[in-house]
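I am attaching a structure below and will ask some questions about it afterwards.
First chain written, first letter: the chains are A, B, C, D, E, F, G and H, and each begins at residue 1.
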């Protein structure tokens, strides 16, 4: 039982007699997590948070990632998102599971993507070309969780007419993810134009006094535009996840 | 014309002949801002962003604040929110305008609060008693913009049963604002429980290695829970504004 | 002899016999600085750098400031600029010298301002109302050294149409001083619009993660727009001085 | 004479005549350290601190490590713990000594582990899978010094029910080592549940604004829970050593 | 029921029939916290952690502190410790409760101190005279919770013979609290001498590159001596609390 | 149409009938940028800023760089500067375009350098030998945009007579670029000697407490000499671009 | 017995029979420190380090300072230096002891200054007027310990001819103390000119990115000139003490 | 003419007629530096500072290092010290010059070491084994410039008896170089024992919160012991150079 929809459906089937009570009990008696020793896969996250367990690949061995995929798959999770997945992990997982892998953002998806059932459009905008890996992590995460995504790349404020050419996309979005390194001004400019929530993602793109994304992070936190909030440096996944959550609010 | 609702209404009146074209033209020919020399009041923000201009009181003299209030009032803005308003500014503004002033958060409202027309409930939670000034700024902002707010104060993770006693509030919220100083763990714990967007506000509460809120800020940015985004240290207004925006998405 | 113009004029008078050699020798035999014990007034700065000695008032006692003014005045410096001048110092100096004092930026000028002989216009722009003290220090410095200044205040990127309303000023300037706190995005946006040098001044305006201007500083240093350079936080004087230097290049 | 127990025993043997005075004198006349030139092995640490000299492997060549092992072995140290031991050093030492090597934490033990004589149980808990190398360093250190260790891995606060499933372990521990990267909230939550000392170990796990463990470190230092103290980032050894010390207090 | 001893005692009385079951039920049915609106007093902390709720006075108004004292007192907490208590709060509380107030550390105790029932001695050492306020907070906390405390002040490493004169105190302690600002070397030197846990408290004493205690904090975290752990800058209370916890382990 | 000169020329030809209106219209109807998906090449930058689009090579794949070169070349940009160009990118671009590549600074130029039409001389000075890669990036950028450049390398303040030997260069420059790592004092010393704008470039040269150029950056921002402004660490391009802009002011 | 000279003299008197052995024994039997509770006055520092105990006044109450003065005076210390002495402490001490107080640096001396017996001259140079308080602390410390001091104030590198006018002082010094805030370049320039040790003292003079002296500190630590070492920000005393130590080496 | 001794000797020979004036003139007419384009070798440093030019190898190509060696050699410099010399540079230089190379510290010496003519002994002490590379750079530098060096390695404060075993070395030194990473307490402890100048060198040895030597650096700057000054992190050369300078003062 990986999300609220399934939970609701099961309860309705019980109510209508379609599913016998005994079978439903069995489904509920699953432990809320499976203990693999090195990891405890969170099997109730879908029910608790509406979106099922995701695997953050960095710092895990290929074997550990495979083990977690096996655990989630066994418990009938339909979409398993794996971020920051190394080439090695990809090889290992792809040998046993249907894996879609996007190399720029190093994102993998085991199983099927959700149908686009979000209420509006999520715009993913970047300041420059070098921000694209983070942007793709955000976009693929949002798509995996059932959202329609519009990509608007390389619209940094140094040539602001490029951004204004996309004004219609900005104004009709339900959520916007603004991704930029260097001085991160993109978030403020978009925040001043749009009337929907803007999730700002600082990236570690830049050099010198960008200090690995610190400059963009501080810039975005201090945005003079309202309606802007910030996630961790390079955290495309976090932005995509939150955008999906907002886009599914009814 | 301070927000999209008014804009839509005016256009409908024009369409139905209720408002003559000439009068509508006059309304539209207002400049999008008034230039006071020391400030340019943004008169189209309501139309552009759905919420009218807000006055950030810090760093402005009482006279400047009064001048901006006069400009917005003259242009028919119905609710004028003033944050970080000094006692002096309060005295000066209250002499000429109907002002409601909340001293803990130093927030003032000129005119009438919006009717609660948000779609759900906004929970404002704090880790401790000392975070309340920031929390009230957030709560009053959300209320001023038409939201129903539930306050859950002093539920820091050192005695986590106090938070769990409010589990029902957490689970039924449409947006949660999690406010904490020190180590800011509250945002992660709430983020792990809730299935709605969590806006984390680090506060400058603490001492020593809290470094004026830096510790809580970093903690919240690195939250292992998904669905959490962060605004600036002590930025209760920003959190309330964003929460209201999310709560008004249809 | 406080600047190159005077130096050139003297030499021409000697060449033409108008000034006897002996008198010129006397003028040249002045020491390049006067030693007051607590300060060594730089009497050749005008000749060396084209602009005469300026007094940075912070950290000096009113008596020390008065002493330096007396030394410069005695050596025929025509315009004595004093920045960050306290009320006390103002009182003391004004008792003996013709002093013009601007209280917002705490800038004093003893003697006469230079005639506007710069080649173009210097635009001084700010993101917000709270940046005005720094902006006035920049503007008054530039005016004291003979420049025509256009002030464009409160045009931060949260309402970018306010900046675009001044596009003509931006495009016709010879130098622009862009002053902003918080996220400092103004410098990048102006830098992308203008085709002249932009001097960015971060201010300590803001709170929380603005860390006393650090955020705006880093933002401006990482500007993705070309033609932007940066001076110290709140250094209105430095920006005005440099702008004047550029505006006087032939 | 590597620890207080041995010291006490020797003195008792002298008292009972079992060991002649001359022989005891010889034992005492050993220098308190041996000077290898590049290192001075601390031979009295066991007597002074109850636990014998440990070799911190990082920054030492394999040859230096071998030399120190030889020195300690020669002076009858029974358990020689080597942390952060490279593969090369492992090869070299294993060629001459009985070495047990654990590759995840890169910890080596020459000689025999102490018998578990601590008074209670030490719980080693981690927020995630990536913290395991640090956790194993802590656990192996504690085991080498004679403690019973319970491992509770991947119980981070994003799915707090995983931690609560181990509540009994937490409540019955004599000391707890809480290890986490990212926002490090685990230490606070455990600190609020447990009634025994909690040693918090921040790890460099995370990315972006985790700044190599700084975020978790600050978070743990600012813990709102009492009874929590902190050791250096990734310092599993230090935590295991201190936990053992506390667990051996009578 | 404010601590485990009371809990055990009550259960024994129930077992022996001395306390009727009904009365015990009443005692247990108390809520685990009382909600004062601005604070939720943690009434089960004693049972959960062995030590009852403590009031951190900074950032709370005198009225809030009084309210919390009233709540705890009403629920029969015998010793109420208040740290960082302002003169104003002291006046207000002392008007209604038996308050002992120590002005150097601004610590207040309402009710009676616990009997010294810790197993050994806690040594509180400082590097200098200026560290005494933090040291007294630690010492008074430990005394309030039932510990025997030995104060060893002004034994910084610049005159290390002063520390060595107290070697006997150091060697016979069960726990040591080492408090120092500036370079914080005291913790390492004591850590190298002692065979018991050392709790290091960096203080904000110092100037320039001490950066408000950051220097001492980093120094202590990097201590080359084992058995040392660190609490927040100036956190005398936290050190005293933890020391008491260790000293009460049986 | 890549710069203002071309724009002016076209308009003059239209005025004189030399170019038919229809053809001019076609030229103007070009979009202001071309969208390559991963990049939007700014085709109006020349017209808007006087200098055409430059390619910042870091973080772009060789294929992306080639694509952008093709786009700019197709739109008749005569000089295409590529900074931080990898060896791989160089190979790929050189296969299809006339590329001049300077390996020390990793700078490439496709097409022809502009004729030196700046009004004066740009001096590029470095503190040491290790700063030369940054200096060459600055010098080549300035040369590509039509400036006469004088290189003055290894004149750091530790042997200040080496700098004074170049006093004539310093005094006759129109703009000076002062490049230094370590303590960055060169900018202040040159700033005190020269009467023209000084652009300071901190470099990441140094070790230990130079913290990747932070020390030089802070030093330059705090320069006590007037007329000095700063660009990002290692930003030779930015300095060369700005110097060219100042040198082309009439 | 406050210094080595006195120690040597006493032993010679014993050798020659001038002082009876019994009296010498008494002198030696003094404890090496006196314990005042809040302070342990180091009575052997003179013997151990050649210079007697100094009182750092900051963070000590006037009563504590008086107490320490009484202790040192009682043990026959002839010169008692008190740094960072408040007006209040001055009043209190001056009531009972012969005190010389210098208000700019807030330095007090009880008793008599040592005769100038250093081997050469100590030059104390500052970058600006605002650095004088720190400079006076250094100069008075050096004078109190028996050195000839030459003050060279306000010779910052922005007008480097002012420094060169003192070249003879620089070249003939035995030690130089270079004191500067802002970018701290003075230390490097002096370091490059002089052939004697240079002690650099960063000051907290400056604003914005000087970050309380951090900028000058880093600058001085990274000095490209050899022979330069650094003490803490604003630590005039430390520099004066060390300079005296070097100046008394034979 | 590479140092003052040679200068004095030449002038004496001229005075005595031993060297004809013409030849002396030739010697003096050498330029004070030779310009190699990428470097300006400082040929008067010996005369100006008493010690000849040193080559800092990091960031220079082997060819550049060779070129500078050739220039110095040609101008009769007798001892050429090269620090941070790569293996490649070593190979290249050794092919043409008599080079002594020490691999641990990567230090090279071309030509002959100076005779030990310093007045006393320089002690080089380290906290641990991993600090030895920095210590050897310091020791070899001091030896190259004519000093007697005593090495005292691995005497960190965790086992302070190891340091006290060298008390005689400490007390009889003329200068001490104290080298330590981690918490850097060694400098303070030695500073409290010794009566001679102590030069503290923080090293980048450590992990986690040592932040590349920052912790040791701050610790040493804040040393409570007097007579301690600090050089840059890992700057063994700087310490050795300064120690030699002090040891040669007469």
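Just so we're on the same page, contacts are C-beta pairs under 8 Å (C-beta built on N, C-alpha and C of every residue); 3 or more make two chains touch, one makes a residue touch a chain.
Keep in mind that this is a model prediction, so the values were computed, not measured.
Undergrad: How many steps does it take, at the fewest, to get from chain C to chain E if each step moves to a chain that touches the one before?
TA: 2
Undergrad: What are the chains that chain F and chain G both touch?
TA: Touching chain F and chain G alike, sorted by label: C, H.
Undergrad: With residue numbering as the guide, point to the option in D-E, B-D or G-H that repeats F-G in over half of the contact pairs.
TA: The F-G interface is reproduced by B-D.
Undergrad: What's the distance between the Cα centroids of chain A and chain H, rounded to whole Å?
TA: 55
Undergrad: For chain A and chain B, what's the span in angstrom between their mean Cα positions?
TA: 27
Undergrad: Need the CA-centroid distance for the pair chain B / chain C, whole Å please.
TA: Once rounded, the distance between the two centres reads 39 Å.
Undergrad: Residues of chain H that contact two or more other chains, please.
TA: Expected reply: 128, 158-159, 193, 208-210, 214, 217, 221-222, 226, 232-233.
Undergrad: Using the contact rule from the top, write out all pairs of chains that touch.
TA: Contact pairs between chains: A-B, A-C, A-D, A-F, B-C, B-D, B-E, C-F, C-G, D-E, D-H, E-G, E-H, F-G, F-H, G-H.
Undergrad: Which of the residues in chain C come into contact with chain A in the complex?
TA: 127-128, 156-160, 182-185, 188-189, 191-193, 206, 208-211, 214-216, 218-226
Undergrad: In their complex, what parts of chain D are in touch with chain A?
TA: Residue positions touching the partner: 128-130, 132, 153-155, 158-159, 161-162, 165, 205, 207-210.
Undergrad: Show which residues of chain B lie in contact with chain A when the two form their complex.
TA: 4, 48-51, 54, 119, 174, 193-197, 199, 217, 221-222, 226-233, 237-238, 241-242, 245-246, 249
Undergrad: Along chain G, where are the residues that touch chain E in the complex?
TA: The touching residues are 32-33, 37-40, 42, 44-45, 58-60, 64, 202, 204, 212-214, 217, 232-235.
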